[in-house]
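In order of appearance the chains are A, B, C and D, and numbering begins at 1 in each one.
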Amino acid sequence: MANFKGHALPGSFFLVFGLWWSIKYPLTYLNGRIKGKRSSNKFHKRLELIEGVMKVVFTLIGMLAEQFVPDGPHLHLVSGDHGWVKLMNWQHTTMYFFYGLSGVVDILTYFPLNFPQGLDRLSLALAVFIEGLLFYYHVHNRPPLDQHIHSLLLIAIFGGSISIMIEVFLRDNIVLEMFRSSLAILQGTWFWQIGFVLYPLGKAPEWDQSDHENIMFITMCFCWHYAVSLIIISVNYGLVYWCLKRNKGLAGDVTIGIRKLKSNNQGEVQTALLTASDEE
Amino acid sequence: MANFKGHALPGSFFLVFGLWWSIKYPLTYLNGRIKGKRSSNKFHKRLELIEGVMKVVFTLIGMLAEQFVPDGPHLHLVSGDHGWVKLMNWQHTTMYFFYGLSGVVDILTYFPLNFPQGLDRLSLALAVFIEGLLFYYHVHNRPPLDQHIHSLLLIAIFGGSISIMIEVFLRDNIVLEMFRSSLAILQGTWFWQIGFVLYPLGKAPEWDQSDHENIMFITMCFCWHYAVSLIIISVNYGLVYWCLKRNKGLAGDVTIGIRKLKSNNQGEVQTALLTASDEE
Amino acid sequence: MANFKGHALPGSFFLVFGLWWSIKYPLTYLNGRIKGKRSSNKFHKRLELIEGVMKVVFTLIGMLAEQFVPDGPHLHLVSGDHGWVKLMNWQHTTMYFFYGLSGVVDILTYFPLNFPQGLDRLSLALAVFIEGLLFYYHVHNRPPLDQHIHSLLLIAIFGGSISIMIEVFLRDNIVLEMFRSSLAILQGTWFWQIGFVLYPLGKAPEWDQSDHENIMFITMCFCWHYAVSLIIISVNYGLVYWCLKRNKGLAGDVTIGIRKLKSNNQGEVQTALLTASDEE
Amino acid sequence: MANFKGHALPGSFFLVFGLWWSIKYPLTYLNGRIKGKRSSNKFHKRLELIEGVMKVVFTLIGMLAEQFVPDGPHLHLVSGDHGWVKLMNWQHTTMYFFYGLSGVVDILTYFPLNFPQGLDRLSLALAVFIEGLLFYYHVHNRPPLDQHIHSLLLIAIFGGSISIMIEVFLRDNIVLEMFRSSLAILQGTWFWQIGFVLYPLGKAPEWDQSDHENIMFITMCFCWHYAVSLIIISVNYGLVYWCLKRNKGLAGDVTIGIRKLKSNNQGEVQTALLTASDEE
C-alpha cells in the first residue's frame, strides 16, 4: 500500500506498542521494586500474555488488509505470464508475519511449556531485523529524499533490533526496556512523517525529492521526533510513578521500599561484581 | 563446482547439522534441567565427540570431491603458463578445511588434554567467518541477482559467526544454540534455493538476473526460508520435549524437575546479579 | 556558524568537559578505593549535579548563540517562499538540545525521584550519537579534505557513543571513564583543528582541499591529537594521585588502602567470576 | 619505506610477538591452573614487564629506522615550499609511537603506581586501532591487488583490536589471548606476503595487479596463512603442556591440579552465574 494509509497503519501499530511499553515497563519496574522480583509476578505475566494476543490480532489485521484491499494480491503470488503479483503487499505481509510469530512465542512463553527464557525477546528482535532487512532492499532506485527518509527509519529499526537482542541476555533491564519503548514511538511517528512527506495530504505542496536542503531538514526532523519520543516516555514514567505513589495510600511506603531496593542495586552489574569480590 | 550439485552438497551438510543441532540442544538442555549441570554429562560429551568426527568425515568428503571431480584441479594450483588452476574449487576446499579444523578441535576437547573451554566454539566461529569472507569476495563481477542471492547468504553466515563467537563466553546458552541451529538450517535451504535459481533444473525457465522484481522476490523468499527454519526448530523442540516426557514414564517428574530448576534460573544473568546484590 | 568561531566554541566545550572528566574520574576512583563504594559518595553525587547544571547552562548558551547571532535564524524555520532558514544553525541547535537533555537527566538523577540507574549514561550516549548522525549527513557534497576531516571526527564521536553505551551496563568503570575523557579531549582539539584548516586565521595560506598529501597528513595529525589527549589524561591522573597522597598526610595510608582494595579487585569481572566459582 | 624491507621489518615484529604470546599465555594459564590465581603471580608480572620493555625498544628501533634511513625525513615534516616531507615514513613512525605508548603503560602497570587494571589492554587495543586507521586511508588510489591485499590485513588488524578491547573487561581469558596470538602471527606472515607480492625479490615475475584471478587467489592465500597460524599456536600449546608435565616431575600432579580447577571452571561465566543463583 504505497500511499498515506499504508504508512499510517503500521505507524499507528508501533505508536500504540511504544506508548503501551512506556507505561507497562515503568509500572512493573516500580511494582517489582516494592514487592520483590518482577518475573515471578502474576500480574506482569498476564500483561505479557495480553500483549502477545494483541500482537497476533494486530498482525492478522495487517496481513489481511495487505492481501485483500481492492488493489491487493488476494494471495496470488505469480500471475499467468510469469510476473510477480504486487510484491510490495507481499513484503508487508511478510513483515507482519514475523511480528505475529513473535506474538505466538509470547503466548507460548506464558503457558507452562518450559519454553527457554529469552526466546520471546529473540523472536521479537528477529521480527524487527526482518523488517529492517526488507526495508533496506525496499528503497533501491528511488529519489534521494525517499531513500534518505527510509534510511533514517532503518536507524530506529536496527537500533531497536540490537537493543532487544541484548535483552535476551539482560532481561528485565529497565533502561533497555525504556530505550526500546522510545525507539518504537520514534518508528511510529516517523512512519506518519514518511506518509506526510511522500504523499502530502489535501492541498499541501509536493516535496522536492532531490533538494539537498530538504534532506538536511529531514535529518534534523528525525532528531526532533526522537526528542519528542524521549519526552513522552519521561512524562509517562513520571505519571506512573505519581499514580503508584497515590494509589498505595502511603507514599512513603513506596518510596522507602524503592529506596531500600535501589541502594541495593546501585549500578546493578557493578555491585554484583564488587559484592562477589568483597566476599573473599 | 559452479552447478546445481555444487550448491546442493554444502546445502545438505548445513541442513543435516542444523536439524541435528535442533534436536541435540533441546535434548541436552531438557536432560540437564532434570539431572543437573549439562557440561559434566557424559552422554552430552560423547555427542560432541560424534559430532566432531562427523564434521571431519563430511569435510574430508567435501574436500576430496572438490579436488578430484573430473573437472577439478587434482591438487594442482599453478599450471605451466603461470595461470591459477580452478580457483573456485580451491576456495571450496579451503572452506571445508576450516570446518574440518573445527571438527578436530571438537575431538581434542573430548580427550583429557586440558584444551581450554571455548576453543571449540571459537574454531567453529572462525570456520563460519572464513566461509563468509570467501563468499564476500566470491561474487564480485556477477549479475545483480547472483550477487544479491549470495549477499543474503552472507547475512546468515556472519550472523551465525557472531552468535557462535558469543557462545565462547556464554556457553551452553540454549537461546544462542537454538539461534545457531535456525541459521544453519537457513543456510542449508538457502544453498538449495541458490542452486534452483542460478541453475534451473530440467525445463524450468531461466531467471532474468537483472530484473528488479526478481531481486525483491528473492529478498522476501529469504525471509520465508527463515520462517520455515524457525518453525522446524520449534517443532523439533516440541517433539524432544514430548519424547522426554513419555520416556521418563512419570511426566510429572520431568516437569517438576524442570520447573524447579527453571524458577531458579528465571533470566539467568539477571537473577545472578540480583541474587548477588541481595546478599549484601 | 560555518566559520572559525563556530568550530572553536563547541571545541572548547568538549575540551572543558574532557579535562574536567580526566580529573573528576581519577579523583572519585582513588577516593572510592580508600573509603569504599563510589556511588554512595555524597561528594561524588554533588559533582554529578554540578556537571548536569553546567551542561544545561553551556548548551543554553550554545543554543542561544546559534539562534540569535546576527546572521542566525532567530527561531524562524520556514521563510515566506517555502525555503528553509539557516538549516546549519538549526542543526547545531538540535545537537546542543540533546546535550542539554542529557544534563537535565543528570540533574533528575541527583534528586530522589527514583530514576533508574544508567539513564544518565544512556541519554549522554544518545546525545553523542545524535551529534554523529547530524555530522554524518552534514558533509555531503563538500570538497574531499572537508569530508575527510569531518569523517575523522565521526570516529571520535561514534567511538565515544559506543563507549558510553557500555557504561550503562558497566557503570563506574574507570577504564571506560578515562577512555571517554580522552575521546572528549580529542573531539575538543579536533574541532579547533578543523577550524584552523577550513578557515585559516589571519594571513595563513589556504589549504588545497583536494590534495591527496594533505588528506594523508590530516589522518596522521588526528592520531597525534589523540596521542596528546592520552598524554594529558595520564598527566592529570598522575597529578590527582600525587595530590591525594599529599593531602591525606600519610601517604602510606592511601597506598595501603588502595593496595588492599586493588588486590581484591584484580581484573574486576574475572575476579568476581572466579570468586563465585571458588565458593562451590 | 615502500619496499620489501619496509614490510618485512614490521612483519617480523608482529611474528615475534605472536610467537612469544603463543608460548607465554599457555604457560601462565597452565601454571596458574596449578598454583592458583594468575594475576598475583610474580613470574607472570615480570614477563609482562619484560614484554613492555621489549615493545618500547622495538618501536624505538622502528621509529629511528623510519626517520633516519638514507631516504627518510630526518625529523623534517614541512619542506621550504610548503610540501609535506615523506609522509609515508611519518605515518609509520606514528604507528610505532602508539605501540611504544602501549609498552610504556605495560611498564607503568608493573610498578606500584595504582594504574587501573585494563589500561594496558586498552592502550594496546588503541595502538592496533590506530594502525588499522592509518592503513585504511593509506591505500586509496592504488591498483586493485594492492588495495585488496591491504584490506585483508585490515581484517586481522581490526579483529585484533576488537578482541583486545574485550580483554579490558574479560582479562586473563585464555581463549581471547590465544585468538590474539593467532591474529598477531597472521599479521606478521601477511606483512611478509605483501612484501613478496608487491616487491618481488630477485628475478621473480611481477604480479598483474588488476587480474581478478590474482585477487581471488590472494583472498584464499590469506585463509591459508591463518590456517598455518592456528596450527602454530596449537603446536606451541602442545609443547608448553608437554614441557610443564615433564618439568614438574609428577605428571599426575599437573593433570590433577588442572582437572580440579577445570571442573570448577567449566564455562567460567556460566558457572559463576549458576553458582550465584544456586545460593538463593
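Going forward, a contact is a pair of C-beta atoms (placed from the backbone, for glycine too) under 8 Å apart; a residue touches a chain by one contact, two chains touch by 3 or more.
If you're wondering where the values come from, they're calculated on a predicted model, not measured in any experiment.
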Interface numbering overlap (same over half, different under half) for subunit A and subunit B: different
Greatest separation from subunit A - chain, by CA centre: D
Fitted rotation between subunit B and its twin subunit D in degrees, CA, nearest 5: 90
Chain centre separation in whole Å, for subunit C relative to subunit A (CA means): 29
Cα-centroid distance, subunit B relative to subunit C, in whole angstrom: 42
Per-residue overlap in subunit A, given as positions that touch at least 2 other chains: 170, 265, 268-269, 272-273, 276, 279
Subunit D partner contacts - residues on subunit C that touch it in the complex: 29-30, 33, 148, 155, 170, 174-175, 178-179, 205, 212-217, 219-220, 222-224, 226-227, 230, 241, 255, 258-259, 262-263, 265-270, 272-274, 276-280
Subunit A partner contacts - residues on subunit C that touch it in the complex: 37, 39-40, 82-84, 87, 90-91, 94, 97-98, 101, 112-114, 116-119, 122-123, 126, 130, 133-134, 137-138, 140-141, 168-173, 264-265, 268-269, 271-273, 275-276, 279
